[in-house]
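Worksheet for the structure shown next.
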Amino acid sequence: MQARSEEELVEELKREHSELLHDAIVHRSKRVSVIAKRERVLELARILRDQYGFTQPVSAGAVDYIKEGRMQMIYYLMNPKTRFMLMLRVDLPRDDPRMPSITEIWDAMNFHEREAWEMFGINFEGHPNLTHLLLPPDWRGGYPLRKDFRGEGIRP
Amino acid sequence: MMDVVTLIWLYILGLVRWLLHEAPAQVINFIMSLPTLIPELLKWLWDFIWFNFKPLLQIIVIPGLAFILLFAMIAVWFERKFLARAMLRIGPYYCGKRSGWLQVIADFLKLFFKEFVVPDDAEKALFLAAPVLLPTIPALAITLIPFDSNWVLFDAGGLSLPVFLAIAGLSPVIPIFAGWAANNKYTIIGSFRTAYLYVSGEIPLVICAAASALLAGSLDLVDIVEAQRPIWFAIPQFIGFLIFFIGLILEAERTPFDVPTAETELVIGWRTEFSGILFGFTMMAEYVSFLGWTLLFIVLYLGGYLGPSLFGVPLYDHIFWMLLKLAVIVVIIVLIRTVYPRLRLDQTLRLGWNYLMPLSILNLLMTLILKWGLMV
Amino acid sequence: MAERLTAPIYGVVDYLLTWARKFSIWPVHFVTGCCSPEFMQVSGSRFDMERLGVLPFASVRQCDCLMVVGVISRKMGERVKYLYEQMGEPKFVVSVGACPTGRGPFYDSYATVAIDDLVPVDVYIPGCPPRPEAIIHGLMLLQEKIRRECGFRAGKE
Amino acid sequence: MSEPEIKPEVMRISWGPQHPMSGQTRILIDVDGEVVRRIIADIGFTHRGIEKILENRTFIQGIVPIERMVMADTANIALGYVQAVEEALGIEVPERAKWIRSLICEMGRINSHLYAFGLQVECTGYFPAVFLWTTVDREVLLDLFEKLTGARWSYSFFIPGGVRADLPEGFRDEVRRAVRYLRRRFQDYWDAMVENPLFEMRNRGVGVLSREDAIRLGATGPVLRGSGVDMDVRKDEPYAAYGDLDFKVITEKEGDCLARLKVRFHEIEQSLNIMEQIADEIPGGPVRTKVPLFPRSKPGVEALSRVETARGELGVHIFTDGGLKPYRVKINSPTLRNMYVFERLAELGRVLVADLPVILYSIDPWYLDCDR
């Protein structure tokens, strides 16, 4: 069931897996977004990988929407056949940023999740090795990429 | 009156006449006789030194300390310049007038006056002793090499080949001690690689040397050289010649077999922790051991000191030919360094055990048959 | 002691020593940041820093010059300090590029430090990245500094 | 990074960050004799927080820090950012500017690939001649860069709306001359490297990455193409002038270090072809459109631009909030993906200590890109 075009993919996802996701959007050609439910992101991820062919993990990162009180974790995935880039987005509340680790589906997300953990403080449950990746191991300065980070890096 | 004044005038006139008519011829004669005179003078001087200072000369000049140090310096300088040329660079330039020939002396002086660090966890006595022992052992072996039939520093009583191999066989022990004493993971791995390498490289070398000795019918290096008067052993012992050449690079830890000091993997292997003059000694040791094996190679296969006469004095000829052959081999080995990558340890060992070893035994058997055939 | 060191023989030793140290600067194989390609060009054919006797060396024990090439992050900063302590005297530090000197384009980052907080520096080379000519000039300044200050009598060691 | 436990029979060696071949990273390896049981990449030694810095720069100021991600390949990196800004702000780019961008990107790619295989050769042993030949040949390209942009490496030449300046007089002839010279030189490289039996011995069958593993572990760039997957952003989503240019995507089937080297090699040939095509066929016209110095964004716009850098696919995802600065810039760096592949390679096949630097440099890591 390889989807032929972006619209068909989105329609199909919305139709068949509406219980797993909030929304699915087409940004432009070859850019698709799926906003997943936090609790069931693993099921959706497995379906995306096995049935829709998004076998290649690209990257992952988060955005801190401080005014709306949420953070969004974004997984960038790639389908090597159709060359679609799919962004699997998960909304997390800012006061409780916790979600299941997706490394059991794409283990290459290991580094990216560690980075998101140290930069945003998102807690990935079930991650094999959730330690500092880029920052020094004794880093105590908070989460640098959050918008309320008050270390160096913010112009007064 | 034939007075005094007249006599003086006559004397002066005679002097002028002599100066004008006979002196030029005599001076020319004297100058013409110089070429025969100077060698005689030199020969006299040489005989004087020969009988009085020969052992001293051997220890200090050739094949003694000065030769070894000079070789190390020239080889390092040449290698740096040559590599730089291969890389399209100039190499050392400003140190010494426009050629960088003082570069090695500057490096050595700097190392000599540099603080050397002894790590806390190191085995201190061994750590300090190993670098000093390192160049000593191959230098001892070099004393056995004949530069002329009667120019051997250390007379081993007709057994100089086995003694050479025995002394040179000691040298791998020192890197192992050094690596262990430094108490660093890189040095440990490097020293064990040295051990592997020596074992796989030295046995084919010894077997090849045995074949050469068999062909010459003697264990004495002078006899082996003299046996090559009709033909260099490189021809009848061609397999042994090739094996010995590869084994020599392997023993001297030169590229492509510089596995123990592999810069890209193990920083610089068992030398990693040495600093200051200790490191200078290890650097020197590399070249001294290289020199020792190369000289043995020349003696065993390339006719040692033999060569056509150029200067009339046999000793000069012999030392000249020895040095020329040495220079050629050094150039070839440095050339190899510019074009080949390093082999892995397993590939090196496979080369040693799977190819060099059986081939050297084959070589020995062939020599046996040849010798038997000659005797029959 | 001070009077004895003014004897002429010490002048000769001093000259030899500074000459040797000047022409035998061995920097460590150590790059901290993004000026490394330019540094490589300097060791390459057109600029060739080996002319001055500069020979990059593998292990810090044998070296006497720490070239801090490029930005120093907090994680790297500890290592720079550590390496400096591992080197034997006499030792020199050259700060290559704007980043170690004054944090360069990353001046307001949470993760970079300037070199002055870590180790004493002998020569600063500005630029982002510095041109090869600038690096060569910096090395020559270091040589000049060694000639003047690093003799037997200068009290550096 | 807290260090995971060590099994008693293995020895843990720390490589770097001061090591002749580690570069700016630390690699922990567990060795059992000469066999590597486990690789742990401890990256982050050059982390400068570029993503945070970009939040504090205006859109045009941001070009300077992001260029410092990959010094040898600044053109491609800057192009990724500039394209994302253009997409987020809705800026059109004239045709000639696109062609000039492609030209400089290809020159940057050759520059970077030269660096890559120079280092890979250096890793196979002290084999320095070829490595330093690459620095010589890089000077040819650097001179072109200097003539065009005024700087050798970090030339902030691409700006939103086009490029900073037009090609100077006679530049196209110089490009053609450089292409001719480099073609001749690459024959030498091929002879010295791929045709050298000892070099082949060190590289063939080392660090094999199968096609499935390459996709599963998220490899990118020459690593992915060396394993037989023909993914190249220049073909998949043509940007700049790549839609009009004629070139092939190079793949090799073996997936070992030699295959990656060959991919880089043939990519350079393709890049030289592209340079020639551009020098011949570049259209006329303006090279930039007028863009205010401090462009203001529309709120809530996202733009993800992908470009093919020398190390693989770079993604720059810009989020705006209606201010003068981006709200968040997410950079998907290629080396971070390949470093994960490197970490897993010890499990996929037998890796010896001596192979480690070769494998590491066959993925062409650029730690500044990896750490951002």
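Chains: A, B, C and D, in written order; residue numbering restarts at 1 for each.
By our rule, contacts are C-beta pairs under 8 Å (C-beta built on N, C-alpha and C of every residue); 3 or more make two chains touch, one makes a residue touch a chain.
What you are looking at is a predicted structure, and each value in this text was computed from that prediction instead of being measured.
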Steps needed, at minimum, to go from chain A to chain C via contacts: 1
Geometric centre distance via CA averages, chain D-chain C, whole Å: 30
Distance between chain centroids, defined by C-alpha means - chain B, chain D (Å): 48
Between chain A and chain B, centroid-to-centroid distance (C-alpha), Å: 67
Intercentroid distance (Cα basis), chain C paired with chain B, Å: 36
Multi-partner residues of chain D (each touching 2 or more other chains): 19-20, 44, 47, 49, 52-53, 56, 132, 136, 371
In chain A, residues with contacts to at least two other chains: 134-136, 144, 149, 153-155
Chain C, residues touching no fewer than two other chains: 44-45, 58, 74-75, 108-111
Pairwise chain contacts, counting only pairs that touch as defined: A-C, A-D, B-C, B-D, C-D
Residues on chain B engaged by chain D in the complex (per definition of touch): 83, 86-89, 185-186, 189, 255-256, 258-259, 262-267, 337-347
Of chain A, residues touching chain D in the complex: 27, 29-31, 55-59, 61, 63-64, 74, 76, 80, 83, 85, 87, 106-108, 110-112, 119, 129, 131-137, 144-145, 149, 153-155
Parts of chain A lying in touch with chain C, wherever the complex brings them together: 134-136, 139, 141, 144, 149, 151-155
Of all residues in chain D, those that touch chain B in their complex: 11, 13, 19-21, 31, 34, 121-129, 131-133, 136, 192, 196, 198-199, 201-202, 352-357
Residue ranges of chain D touching chain A (in the complex, touch as defined): 1-2, 4, 43-44, 47, 49, 51-53, 56, 215-218, 220, 229, 231, 236-237, 302, 304, 306, 313, 315, 317, 319, 327-328, 330, 332-333, 336-337, 339-341, 371-372
